[in-house]
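Pasting in a structure now, in structure tokens, and then I'll have a few things to ask.
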Amino acid sequence: MTGKPYGDSTNSTSSAPEDSSLKSPAGSKYPASDVSRPDSPGGSTLQASEKSHTHSPAEEEVDALEKAALKDSIGKVCMIFIALLAFGLPLVIKSPTWLHIIILIYFYAYLTSSWNMVGGFAGVLPLGHAIFIGIGAYSSTILFLQYGVSPWLGMLVGGMLSVFVGILIGLPTFKMRGAYFALATIAFAEGFRVMVENIDYLGPLQINGPRGLQIPPLDIGLVNFMFTRKEPYYYIILIMLIAVLALTWAISRSKLGYYLNAGGEEPEAAMALGINVSRAKLVAMAMSSFLTALAGTFYAQFSLFIHPRSIISLDVSFEIAFIALIGGRGSIAGPVLGALLLRPVSDFSRIYFGDVLPGFHLIIYGVVLILVMIYQPRGIQEPLTRFYHIMADKQADRMRANRLESGVMKKEGSQ
Amino acid sequence: MIYFIEDAINGILMGSIYGLTALGLTIIFGVLKVVNFAHGSLLMVGMYVAFWTVSLTGLHPYLSLIIVVPVMYGFGYCLQAVVIKPIFKAEKNVREPLTVIIVTTGVWYILDNMTLLIFGPQYRSIQDNPLKGKMIEIGEMMISVPKLWGCIIAIVTAVGVYWFLQKTRTGRAIRATSLDRDAASLSGINQYRIYNMTFGIGTAIAGIAGVTLIPFYNIFPTVGVLFDIKGFIIVVLGGLGSIHGAIIGGIIIGLIESVGPQFMTSTWTEAIVYGLFLLVLFVKPSGLFGVKYDW
Amino acid sequence: MKILEVNNLTMRFGGLTAVDSLNLSIEKGEILGLIGPNGAGKSTAFNCIAGVYTPTEGEVRFDGQITKREKPWDLCKRGLARTFQIVKPFASKSVLYNVMVGAFATTDKRAEAEEKAINVLKTLNFEDKKDFRSGDLTIADRKRLEIARALATEPSLLLLDEVMAGLRPGEVDEMVEIIRFLRDQGVTIFVIEHIMRAIMALSDRIVVIHFGKKIAQGTPREVAADENVIKAYLGGEYGVS
């Protein structure tokens, strides 16, 4: 550490009376407190440069760059592989029950990713997102049943309505502290459910109160968002999931993502850095409620029956939050990983133990929840990402070693 | 008119029992800064403990308190020490550890469904109930005796807890921790032991509430859910950590529920309760009686 | 030209008057020190200037414009940046991430923000730690991160709230040099400090407040000789440090 770009010795002369006492003993500019800390998570670049310490610094940098490029392409290959797997799955799995389970995994991964924009990035804990599922489902269904509007259009209407409601909820609640915010969102969702249950007609709109609405499966087809087989639903929700993941990725790298993270972690500091924290949160809330409402329409068309107690239920709101926390709040892969772990746990324990041991699946669910929170409070994405990085590093090293070897041989051959 | 007064009185009595449930919640909330979503389940556990104590020993329902209170205190203490404390330690630097909320929800799922597994889904009520259906007649009004006792027990408990927090050494340590856990730690208070004890006390109060309920309420695995959200609403209504706030908040909810149906469909009263809750949250988030950290 | 003018600033919390009709002004390119015993109202004055509190009375002019009703983020965009006495890093994020948050105040593009952040880190000789998790930094580095973040917003006036508290003597000297360097870059500096020898060495002028009231101002030499100041404050502490 020799470079000292600031403060030439010329301007360290001072007019103050205590000047002499300012001068420190020679060579103590950087005290022992500056020792590096390799234990910092996410410091993968550090580890990478430490490993190849046999090279000169310049070579090291080239090495690191080359390796980063290799790792990048490994990542791309993995993504393509996963995408192929996801799109090819219905060719292998024909059982409707299995497809149903997988569709619900995607559905929850989608919901949780949408939730993540507020609950993850903005650092609050909304526990009432079912209200947006309800708005989405009811908007498109009412429009479809009573006015023959295609659910695809109804989906957008529900989304817009949700944005409106989401901002209405966000305006007062984002000022609240953690626990209060969580309780307020519960109250909004539950209050909405009670209202839906008590209203049969809202003006000309038939809501049907506690009985819910049934969609008769008459006109099958893409326009009406209605299919007899599970595959179309599978592809629709898969595409929705990929879209929301891409959007999350883009946000996390954008100004908005930085602002949300900063505002969630240290609101005061964020404000001092030019961030209107409440506005950033409202933008996130608007996007989140819009996307959640789309899932509501999907669910309505998928099950062809909506019912206030099942669709605007606290259980759904909670499950979304659980999946996020277990997968890893505020991370992109977290919601998907969480859904992949939790959904099968509850589905299969329900299938296998449901008759013999009622409620057993929820016990397992609760135990998984507690164990993950105790041992991985940042969610399962953290150890998994670390594992992925180790594997990718190894693979990149191996590929580079191979390339170098063949390069050396070529050189020898040409001489 | 007479019915109105009768409903109002019964609402106040039932409401004070709601208040008693919320009392345990508000104390845990005030000290640990955590919404305990498992509180309804703890109430349910308390009801089952009381139920089996009464059924197996033939004690008078209210005498079962001698067993229920220490059992529930121990249960709560261990629950906090074993399950919740590790999360606090993992999230040491977080002011309001929201993950704890999720963990208490896990506890809720486990407790409710364990009970379902062990005791089955059926509704139970105590046999040879000396208080069953007992009423006092005042003029033409009928007042339920077990609810009256419940109200008395609720008030005695609230006064007792208040006295404990004000006058005893442990109580002062708990209050100190609730105000500033770091400062309390610095003055030699073991923060986690205080958390354990507070959780124990909160659970014991849920047990007391369970005892007051069993003479007139059915006992089943998901009975706690009915009191869960209601408890949160009361806590916010009355003011975070406020003891009399919890009781009065409970009475307000009890009144809305009992008098409301005279004016509207009873399901709408639920909406009114949520509306009131949100109104208080927006207008006066510290609650109706919440001087910030009033004890 | 005056970059900051504080006229008759008063801030009351209930019955407590934390800042009492404070007047002061800062010339462009100046380093002004604000000192006073604990609880004198220094941080409250800072919070009023930075838009965290709306003052009960009086006005603050930044760059000639009255700042009434302007929120901290508005002021930041106008070129007023600050650090916090109790450091508030975005602990789970890297140093670079932290500084980029500041850099986004002047740009919407990620690449540009990153470039600006790297430049700031370079000037502060901090680039080698850009990938460190900020929660893992030493206290000296966290203070430096506070400055880096504030600097990334490209301020014309920088409010520094006790950036030297808790540092070792060697680190204090380094911080003094950093602050001088920033001034040479054209940033006006308003600094609260407890470490006397540092603020005496650093400031062009010093304002002393006690119980929210200004009791003295002038060059470090004048202030150090002022009888009121010695009585109120320096008498005990000056000799010790």
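Chains: A, B and C, in written order; residue numbering restarts at 1 for each.
As a convention for this text, a contact is a pair of C-beta atoms (placed from the backbone, for glycine too) under 8 Å apart; a residue touches a chain by one contact, two chains touch by 3 or more.
By chain, UniProt protein names: A = Inner-membrane translocator (Modular protein); B = ABC transporter permease protein.
A quick note: this is a predicted structure, and the numbers were derived from the prediction, not measured.
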item	value
Joint neighbours of chain C and chain A, given as chain labels	none
Longest centre-to-centre distance from chain C, chain (CA-based)	B
Innermost chain, where centres are averages of C-alpha coordinates	A
Chains linked by the largest number of contacting C-beta pairs	A-C
Cα-centroid distance, chain A relative to chain B, in whole angstrom	35
Distance from the mean Cα position of chain C to that of chain B, given in whole angstrom	48
Interface hub residues of chain C, defined as touching at least two other chains	91
Residues of chain A that touch chain C when the two form their complex	1, 3-7, 11-12, 14-19, 21-25, 28-29, 31, 33-34, 36-37, 39-43, 45-46, 253-255, 258-259, 261-262, 265-266, 268-277
Contact set on chain B toward chain A in their complex	29, 33-35, 83, 86-87, 90-91, 96, 98-99, 101-103, 105-110, 112-114, 116-117, 121, 221, 229, 232-233, 236, 265, 267-268, 270-271, 274-275, 277-278, 281-282, 285
Residues of chain C that touch chain A when the two form their complex	50, 52, 71-73, 76-77, 81-82, 84, 88-94, 97, 100-102, 104-105, 108, 110, 113, 122-125, 128-129, 131-133, 136, 138-141, 149-150, 152-153, 168-171, 173-174, 176-178, 180-182, 184, 196-198, 200-203, 219-221, 224
Residues of chain A that touch chain B when the two form their complex	125, 172-173, 176-180, 182-184, 186-188, 190-191, 194-195, 197-198, 314, 318, 321-322, 325, 357-360, 362-363, 365-367, 369-370, 373-374, 377
